[in-house]
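Each of the next two complexes has chain A plus one other chain: chain B in the first, chain C in the second.
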Partner chain A sequence: VLNINDEADGITVVDLAEDNLTASNAGQFRSMLAETIQEGRLRLVIDLQGVSYVDSSGLGALVGILKRLGAKGDLVICAVGPAVMSVFKLTRMDKVFAIETTRQAAIERLSR
Partner chain B sequence: MQVLVVDPDRSQQLLLGALAIRLGHEVLYAADGTAAMQMLENSTVSILICNMDLPELSGIFVTRAIRERPFDRYVYLILYTGREPDRAYHEALQVRSRTLDLRLKAAERVLRYDDNLRATRLRLEKANIEITQGLQEANRAQLRLLPQTDADYGNLSVDALFKPANFVSGDMLGVFRINDNCLGFYALDVAGHGVRSAFRAVTLSHTITSQVFLDVVGGVRPWASSRVFLPHRLAEHLNARFVDELDTDDYFSLMCGVVDLGQRAVVICQAGHPRGLIVRQCGETAWLGQGGYPVGLLSDAEFVSERVPFEPGDSLVIYSDGISEAARADGTEFGEHNIANTCIEAVASGADISASMEIALETWVASTRFNDDLSLLVVSSGRT
Partner chain C sequence: VNSHEHVLRFASRYQCVPELLAWLDHKLAPACDHDRYFDVRAAIVEAVHNIIRHGLKEDPGHHITVALRLGRADISIDLEDDGFPIPSEKLEKIRLPEFSVDDLDKLPESGFGLGMVAQAVDRISYRSSEGRNRLSLGVDRTVPQ
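And now, the complex of A and B:
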């Protein structure tokens, strides 16, 4: 489900290897990222490049990661496509998540 | 086990039958292929000992016919012949065949294995029937909780579409008659699908009682002319009750509010649910809601109430994302545009919006089954 790559400055970039985040893969997504956080990787970029659909379970998984990081970590989501962004806007998650247009911009935001 | 010996020669039948009886089997006899096929149909024979050289239908033909027919059991076949070059078989039979003896024992092993498989399959089929019956009963129970469309709602009327993706739904709808001109309503959609979501949806429908709705949304005097409805308070109330800091699986979207014909207004709170739609008798439409946090996801989520005009002849349409996101084969979703057009056409023709929407959706996806739960609630005033 995920490709996890460590970058400089303790930043970890997570790529979703599928074109959707739904009930069928949200559980695995959530548990893999929980493990990543458990390992001490607390500055995360989730790259949604190529993800065309996020359903309610996928949204719950993303918020779950944000909650798990809490005050001890940071999360930036990048490359959010128009369909996914419309779900974020409908549910006001565009106000909850830090969102950048590109992976590079997300990494720079966490590096500041 | 039942063994069928097929041979035109009676003495040969009895010879082979005696061997099978000695091994503990029940033996039936047939003289030709046609009789053998009939006996196979009307018995539980699972081992066939058959002469290849039968009159009319040959043993090979019988073999092929058995393999092509869908019996509820495996039929083990032992063919023999007295013709050259199958001399070995002939000799084996003449000496009451140790070979045949071994073959019958092998057949027993195969058929015992087949019996076990059949028993397992029957257990699974029985379990599946029980689960299906349970889900069908749960479906009926859930349907009984939905708004009665033929009830008396004063100067308002209610129409609804409710289609679970699979037996039970994570969506729920509810309405509460406040007076002849006021009707409270809610529509919710629990994250995910299936039984878990349905349990939560039904729990929520028992939580949002008429009394709770009026106490929370209506303030102290919901029937007074100076009444003010604040549906966002219902979202706040439910959010405080159901938010869980660790579990983000069980949140839900909610659209709730009150249609108040006396004040010519509808007051709504949109909490993660798709936008609502007002369809006017003249065919004009107005979308309601500016987005909003879902309920049960974030403890500090804030909710707002929104007030929009609602005139006699108007219809308020609330729907779940299963409708807007119903996709046809190429992935194109039904979307707001088609929802609005379907409602406009229904209003113009005097048809029920729910029935028109169901037909439009089934046409769109080219199926009567959907991947997500569908729910639609319509509150209308004096449609002509």
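And now, the complex of A and C:
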């Protein structure tokens, strides 16, 4: 489900290997990222490039990761296509998540 | 089925959703404003996933039918299945969960489904009868065709 890459400054970039984050894979996504956080990776970029649809289960998994990181970590989501952005906006989650256009912009935001 | 009516029937499997999306991109997208299309597409994906997950308990041996009617002033979308109907208590309170964007601990992780569908469209109705369920969505066209 995921490709996890450690970058400079303690930043970890997570790519989805599938074109969706939905009920079909949200559980696995959530558990893999929980393990990643458990290992001490607390500054995360989730790159949604190539993800063409998300449902409420996928959205719930993202919220769960944000809450798990809590005040001790940071999360930026990037490369959100228009179909996925609709889900964020319809649920007002675009006001909750830090969202950047590109992976580089997300990394720079966490590096500040 | 005339040129303004389109029907797709597909197996009740998550793996069939890309086929649905390609069909929507071809049939529905040209009839919608760009941003509105993605909202309606998200609503249909959510509704179909709810049917597969909750209505059919992920049993792949069923079919879901999506019917589009592209009217001059509005678009209607009917989703039909033969699974368990949506519980009446959920239908009575279709709304998004309330939350404060600043209160991380209390952010909801579930309960978005039907509320998100309703948020994306102008009208929503539901009927279950004789083992068939029909969720009907209505979308106004900003520029009547």
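Some notes on this structure:
Methods note: the second predicted complex is superposed on the first by the 112 of 112 C-alpha atoms of A that agree within 3 Å, B and C clash if a C-alpha of one lies under 4 Å from a C-alpha of the other, contacts with A are read in each partner's own complex, and residues count from 1 in each chain.
Simple rule for what comes next: contacts are C-beta pairs under 8 Å (C-beta built on N, C-alpha and C of every residue); 3 or more make two chains touch, one makes a residue touch a chain.
The structure presented is a predicted model; accordingly, all values stated were derived computationally and were not measured.
When both complexes are superposed on chain A, chain B and chain C clash. After overlaying the two complexes on the shared chain, residue contacts for A:23 are found with chain B and with chain C alike.
Looking at the shared chain after the overlay, A:91 reaches both chain B and chain C.
Of the two partner chains placed by superposition, chain B and chain C are both touched by A:60. Judged by the touch definition given at the top, the superposed model places A:82 against chain C, while chain B stays out of reach. Annotation for chain A, partner touching more residues between chain B and chain C: C. Within the superposed three-chain model, A:73 lies out of touch with both chain B and chain C [touch as defined at top]. With chain A used to align the two structures, chain C clashes with chain B at 311-319, while the other stretches in 5-13, 23-31, 257-265 or 311-319 stay clear. Shared interface residues of chain A (contacting chain B in one complex, chain C in the other): 23, 56-57, 59-61, 63-64, 67, 89-92, 96. Remark: chain C residues 14-15, 17-18, 21, 34-35, 38-39, 41-43, 45-46, 49, 52-53, 96, 99, 101, 104-105, 107-113, 115-116, 119-120 touch chain A in the complex. Taken in their complex, chain A has these residues touching chain B: 23, 56-57, 59-61, 63-64, 67, 89-92, 96.
Against chain A, the residues of chain B that register as touching in their complex are 189, 191-193, 245-249, 251, 253, 272, 274, 291-294, 297-298, 301, 321. Residues 19-20, 22-24, 52-57, 59-61, 63-64, 66-67, 70-71, 82-83, 85-87, 89-92, 95-96 of chain A touch chain C in their complex.
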